[in-house]
Amino acid sequence: MPYPSEQSAPTGLRARLHTIIFESDTPAGRAFDVGLLWAIVLSVLAVMLESVEAIRLQYGEAIRVLEWCFTGLFALEYGLRLVSVQRPLRYALSFFGLVDLMAILPSLLSLMLPGMQSLLVVRVLRLLRVFRVLKLASFLGQADVLLTALRASRQKIIVFLGAVLSTVVIMGAVMYQVEGAPNGFDSIPRGMYWAVVTMTTVGYGDLAPKTVPGQFIASVLMIMGYGIIAVPTGIVSVELAQATRQAIDPRACPGCGLQGHDLDAVHCKHCGASL
Amino acid sequence: MPYPSEQSAPTGLRARLHTIIFESDTPAGRAFDVGLLWAIVLSVLAVMLESVEAIRLQYGEAIRVLEWCFTGLFALEYGLRLVSVQRPLRYALSFFGLVDLMAILPSLLSLMLPGMQSLLVVRVLRLLRVFRVLKLASFLGQADVLLTALRASRQKIIVFLGAVLSTVVIMGAVMYQVEGAPNGFDSIPRGMYWAVVTMTTVGYGDLAPKTVPGQFIASVLMIMGYGIIAVPTGIVSVELAQATRQAIDPRACPGCGLQGHDLDAVHCKHCGASL
Amino acid sequence: MPYPSEQSAPTGLRARLHTIIFESDTPAGRAFDVGLLWAIVLSVLAVMLESVEAIRLQYGEAIRVLEWCFTGLFALEYGLRLVSVQRPLRYALSFFGLVDLMAILPSLLSLMLPGMQSLLVVRVLRLLRVFRVLKLASFLGQADVLLTALRASRQKIIVFLGAVLSTVVIMGAVMYQVEGAPNGFDSIPRGMYWAVVTMTTVGYGDLAPKTVPGQFIASVLMIMGYGIIAVPTGIVSVELAQATRQAIDPRACPGCGLQGHDLDAVHCKHCGASL
Amino acid sequence: MPYPSEQSAPTGLRARLHTIIFESDTPAGRAFDVGLLWAIVLSVLAVMLESVEAIRLQYGEAIRVLEWCFTGLFALEYGLRLVSVQRPLRYALSFFGLVDLMAILPSLLSLMLPGMQSLLVVRVLRLLRVFRVLKLASFLGQADVLLTALRASRQKIIVFLGAVLSTVVIMGAVMYQVEGAPNGFDSIPRGMYWAVVTMTTVGYGDLAPKTVPGQFIASVLMIMGYGIIAVPTGIVSVELAQATRQAIDPRACPGCGLQGHDLDAVHCKHCGASL
């Protein structure tokens, strides 16, 4: 995303700030990104460690101090972002703008409202900010291929999920009837939870069929699920192969400029010119 | 499925009803489909919630009233469908005709026969009616590709399932012998249930080998199952790739005979001839 | 496998017997195959049911009588096979000859030697005889594609299994050290059993890490296993695609007679003749 | 890896030693490799068996004697390797040099320092030496295709792992909040362990959601994980297909420029020109 040229040239300072904070092709911009990455990872680590009771009891004070440093840093960064963009409100309401705000809000709120301790866990959402940094990195191309493949197979995956969900509801009801409350299947939603745990081959074992007919039905569901797991894999493989093929060949037709030719194409599929 | 032109033109009312109920390319037809979809989803949700004891105790009366409304609606719809088709008996005996009937029967039967409470769970089969609505939607093409792929790999999957079932029977018998009743493997069918749970990688843990030879045999089975899971995935991937390619374009180049052109191709990618 | 023409023409009776028992392209041969299939499936079902204590106590006598009928039938069939082939010894020592013998031996031995009850479970190996019948059926082609794909990927799968087994041994030793006997990891082989259960994503839960470092190492192993499961799937998919492609195109080169051309081939890859 | 020709010709003995120990194209070299392979496998087996308490109590003395024989053998081999290479230090600091040293160090250290019993488990790393032998074998080509595919998909897999890890952290925090300490989710890291166990479909069941919202969130995560497992499989399949195709043949047709010919192709399949 190069800096958009606009009529009213921005003031020099704001332009410099924007380059440093939002872009990563200058040394300063890259250093800012690396620093931000570390701050995000360390602050999420601090949240994680604070949740462990033994650590909280011993190092709680130090972690809380660290937390306030990070909150201060992120608040400063948020302010600079607001200042450096042309339209602050639009930034503030964008997805990453809200994620940036979420990085500082919970700590501030828990200070003002004493009962909001449970909000603190929201701070792990800071992790999402990592993607803001990665957005600018060289992994973009690879992520793009993955996203293209997933988007192309969206409709197939919806059809597939519909079939899976219907199976889950029906098998949940069947097991509720067959096994019943004494064996833990005390409602249809509970049976559906069991069906999801089984079809996805997770298999906790907290709920397991105990009667002979129940075990037979479960076996059939498992073998079905075994075959069904092949379907999304096949869908994604095929779309990924397509997306890779299109991403690989960078040739543009000399006649009409079309890109995305197959690797073995000799003529443009659109105008027939030699490639 | 456009309305079939027949010799004896149907009466105007019946034709209009048919268009609304069975088709979805008029505004009224689309509105009917959307309404039906909501009624199905809500009525299945009501069945699910009624099975939760806490909810049944508190809101049981409301849910039962709702259930009667839905039953009435579906009965009315079933009547209209019978009236609007040319051959009511053929509709009534078709797959979707029976599914439509199943949506109203359980409630009616549980009213007449007091002992049929257990039939109520059959009402979740109403969910199958969702597919009647979707049949008309744009997802048809995608579902078709999936079904074509599955149908094309039917024979390979049967051979594969045969191999899996034989392994299940033999491993079930082996573990019945090796582990025996004290460790829970008290019959060959129980051993087969364990073999299915293990090979599909579900692994509840309600039955697990406890002796050293049993754990060794189980490890071999797991690594086998690990490799075996690759087979259906491979089958479906290959057939899906084929089905996708064929769905994309059946055209052969008049110049060189090449097939497998992209949908938007105007010229052959190999020799440049017009398609 | 057509009947091999030999110098010394077999007697008429033996030839007819051979046609009925070993082939399936005459009505009598097909009827024999279908009857045999049913006898195999029913006798395996009887073995399975006899292992269930409740059924054995109630119907044990009937099942034992049935077992003797099947043993008699299979013995008669074994005798006829021996008589009808040209070289009985070679048949008796072939794979299917031994499987056929295994179908009658356990019952006979358990009659003669009273202590051999545990041999009875060997009778489920009768199930392998099903493949003798299927060998002649139309599924042969599909099974062939699967076997070709598996054979072609044999070397890759061995390399892969070697990597998996090394990981299993090393992780088993690591967890034996980290978790130790009090948490159930009381030897390296036990740790290896846990590693197999974990890497294959079976996850019984009979052995699970309880210490924090153990849970961390286990998490790493799981995510590794998650990626590793992709490898055999990819291998089989690729080989299956290749085997399918070669099986699909039946064209033989008019110039040199070569088969197995790619679907999009216009010229023979061997001699350059037009296909 | 043929013997590198250098200015100062090595002494005859050292050259012979090098050929035997480091290469495998002479009968002596092959015999050395096979012997080494057996020594490695047997010594790892001895370590494994020694860790089983029942075996240690009964055969401990014999195993310890065996261990000293193997340590002596490996020490002798290490010395010979040091002597036979041109630059001993460079060998000693290479990856396989360190692995070779690790094969003898633990036993020696446990003799000198009585408290180092726990080091003994390090001896299973001897298993890594198997790869030194296999490096020279015919499996190299196959392993190469696998490694090429994995290397080519490295970036995609990193993007994918990043997405998985973010999901793990966020879901771990969510479940810590929703289920809480009484249900076993007593910290965010514990919740992350549960998320890994669930997303990879291992599902031990040592930690499982018990509240209704927790079970609902877990169901969503499982179905997500079910779809996500398709991604690495698709990535590896596509790259493996590419690596296989490229391994098969890099030739381009001089007539039409088509690539991807079969290894045994003599003529281009498209235009018939000689390759």
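Should a chain be cited, it is by its letter among A, B, C and D, assigned in written order, with residues numbered from 1 in that chain.
Keep in mind that, in the parts below, a residue touches a chain if its C-beta (ideal position, glycine included) is under 8 Å from a C-beta of that chain, and two chains touch if they have at least 3 such contacts.
What you see is a predicted model; the values in this text were computed from it and never measured.
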Specify the chain most distant from subunit B by Cα centroid.
D
Suppose you list every residue number at the subunit B-subunit C interface; are over half of them used by both chains (same) or under half (different)?
different
Based only on mean CA positions, could you tell me how far subunit A sits from subunit C in angstrom?
42
Whole-Å distance, C-alpha centre of subunit C to that of subunit D, is 29
What is the distance, in whole Å, between the centres of subunit B and subunit D, each centre taken as the mean of its C-alpha atoms?
41
Multi-chain contacts only, two chains or more: what residues does subunit B have there?
189, 192, 201-205, 229, 233, 235, 237, 241, 256, 270
Take each protein chain as a node, join two nodes whenever their chains touch, and name the resulting shape: line, ring, star, complete or other.
complete
Subunit A residues touching subunit D - in the complex, by the definition given at the top
44, 47-48, 51-53, 118, 121, 124-125, 127-128, 130-131, 134, 138-139, 142-143, 145-146, 149-150, 157, 161, 164, 189-190, 192-193, 196-197, 199-206, 229, 232-233, 235-237, 239-241, 244, 263-264, 266
What does subunit A use to touch subunit B in their complex?
155-156, 158-160, 162, 166, 169-170, 172-174, 176-177, 181, 186-189, 192, 198, 201-205, 208, 210, 212, 215-216, 218-219, 222-223, 225-227, 229-231, 233-235, 237-238, 241, 261-262, 264-274
Of all residues in subunit B, which touch subunit D in the complex?
201-205, 233, 237, 256, 270
